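I'd like to ask you about the structure that follows.
The chains carry the letters A, B and C, assigned in the order they are written, with residues numbered from 1 in each.
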């Protein structure tokens, strides 16, 4: 039941098309660009009076949220419904696992109901990857955030936002500011920016909120905002994940805001046409000043809109890639039989 | 982002059509009649084998229930689905607001997902009005009950029920009986009956369950059932909101039932063709006798059926009014640019 | 409102077609076969790229789960959505019943919203039957498990699985193994196998897990696996319902597994082409060995797939039977009026 495969190729089918979306890592620039181009075809739909396409009609998308996230679940649910899929929301914690069933049995049961895609949110790093490689490889697995590891659809909607406002990635300087250490979003953004060819990816944070091996990811490291923001085209603020902060990594919220909070004053270090992004939900007065969040350089609410289109793109591409893989496997089997 | 407007006109667009439905107050008779007429076109649908129309196909309706109400949520969910809308149920209490996000940010995020309508239930009076005027004026806001203030779709389904059974409002005498003090339903009913031209609106309650300024609403006040029910065409019983009763406003449930419970005997004071209504859920033996609730004069279950049709009418009219407003604003802008 | 009827005929309309699905008991072989044949037409759909038919378009199916069951709810929700019905999930416990409303009022309110089918799961035996006979006879009631009484859609998907793999019931020997005493599934399976003409239905269990009057159901009773499994064509393992075991009915889980757990070794008593079934969720190492559950004779995951098709069959047949009954009643009334 578990196919052998090159781990690098887990996300792509035999024709090189997306079949799972687990991490930005290892994905070629062409696939990321295809996601952005596909999202482009959906983004205008949001403004139309009929926002629906029949691409996934008759397909079943299951939202498996092992970790609670109303907002991310809502965007995936809307994306799937606007593709005309049937959507099932399952809170796995309260499900049969409580009856002593293993996670493998639960997921294989859901697969047997002819699920086409699982949208997986999990507090453990690697959960989505494990499901795709070991449990249900024939269901398109979409990683909606796993532990500190990755949040690839968030990163792609951020890339979409940047491309929409800046045209291309070539020559762009992007600063990611804040709690890099605990941020799965930051890891995915760095990988995407490097793959798509940004000129420079900077991280700006106090040393206590930086992973040890951060330079290995291909970034420039800054600990002072004045230098980190200098002449950048894009500032991505991260949420100060107060609920994830264990121990005394920070002096105080006030001190953090004074040093790393994005204020109108600090924003003047960046280019005049800089755009300000944030994955949300924002902490006003903690990592960002309201005047910046609501100001003319902010594209934070556009990110939300683009998030639906980007998730529509990933859902339709990955279910399509799985369908193509089934055909490829069948024709290969027929050739072998002849 | 927040348009300036005459508060009286908040619910109507520049062409005088409904764009929000927050309160019966201030709405002209023509709009209320348009709601009833539109509901009429939907009410027969419930009896057809296919109960669905494509009016809101591709539109997104979000149920934002800050206060729990399975029944009201179910009727709005069904109404939206029978209009072919995509529906998202959001329990806002457990959502990102727990992560420190402001209500404004949460709602503007949902708007950015291209929501067409928010159905809002909230324990604070004025919540729906605040959202429509200050937060997301371009989303159609439907008030599904706010504090003690208003429950306008309930009032309109009651008006629909009365018109269906009595033909017109002219000459009608209507008695509203029970806990007027705590009832948002009663306030909305009184306003609707007066706007639609009922001959007399009576309230019947012990003094402890009457607001001080009740006469200002344009009602006749009675404290004895024998007098209050005399010759009325319609009796609307209110639920004894035991969960909202703080302090000793009532001697006892038994005493309340003896004085104000609607029994077959007390019903004889009314006209022989009286209809008995109740917004539900009913407390049998507390404010109404089972023989009356289940008897030939009761239209309580019809009210539920009409509730779907009335909510379909409000949803389709308000989303239509918002779409029209967008067109009006665009053409005004184009004229200004020429 | 409550029609009088022969209790034997409660599940069938005046033309002999299914209108409720409450129990296998009393249903003729033709109806069971019609369910299997209808499911057959749906089962291939799961493998198609578009898994949807418009049979219940515009119909409303309400899932009323008084007892929690994520898995069963999911299969009914998917079945209804693949039939194009609108689906409403209602957690009745947290609903208006908390406000003092009676169950009768809650259900009649839901009926008044023009529900076409209620899928009812309840911890009390007879709940679905009571609703169909006493509360809302015109809504198609589908029993999704009531107390220890019945779980007829589970039994029918099991019958479907057997017929798919064995062709017919004639001549088949079937063993049901485990906690017969607490199992509503077992009762329904025994009735279905006898009605459909299986050659022998065996139950295999320790005496403490057998009902006293078990022989009256038309089964052969075995307390030793070697004898009970000898030459059978089908083994149905039951879940050891640990959460329902009150008191000391069993020595220990280890002892139970040694005596009644289905291992590869014990399976050799059965016919070589035996199929192994289990209603799920399975307890690995408690009532079944992993090597058997995942082995070549296991059809456990196919059961899940067939479960969707079987529930689609029951939902479409019962709502069709109710629609037909309405027509029959109307034409009968017209004849009486002439």
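Simple rule for what comes next: a contact is a pair of C-beta atoms (placed from the backbone, for glycine too) under 8 Å apart; a residue touches a chain by one contact, two chains touch by 3 or more.
The model shown is predicted, which means the values in this text are computed figures rather than measured ones.
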If more than half of the interface residue numbers appear on both sides, call it same; otherwise different. Which is it for chain B and chain C? different
I need the rotation angle between the copies chain A and chain C from a CA superposition, between 0 and 180°, in steps of 5. 120
Chain B and chain C, separation of their C-alpha mean positions in angstrom: 41
Quick check on chain C: which residues sit in contact with 2+ other chains? none
The chain A residues in contact with chain B across the complex are 46-52, 68, 70-71, 74-75, 77-78, 81-82, 242-243, 280-284, 286, 301-302, 304-305, 307-308
Residues of chain A that touch chain C when the two form their complex: 57-60, 86, 88, 90-91, 94-96, 99-102, 105-106, 108-114, 323
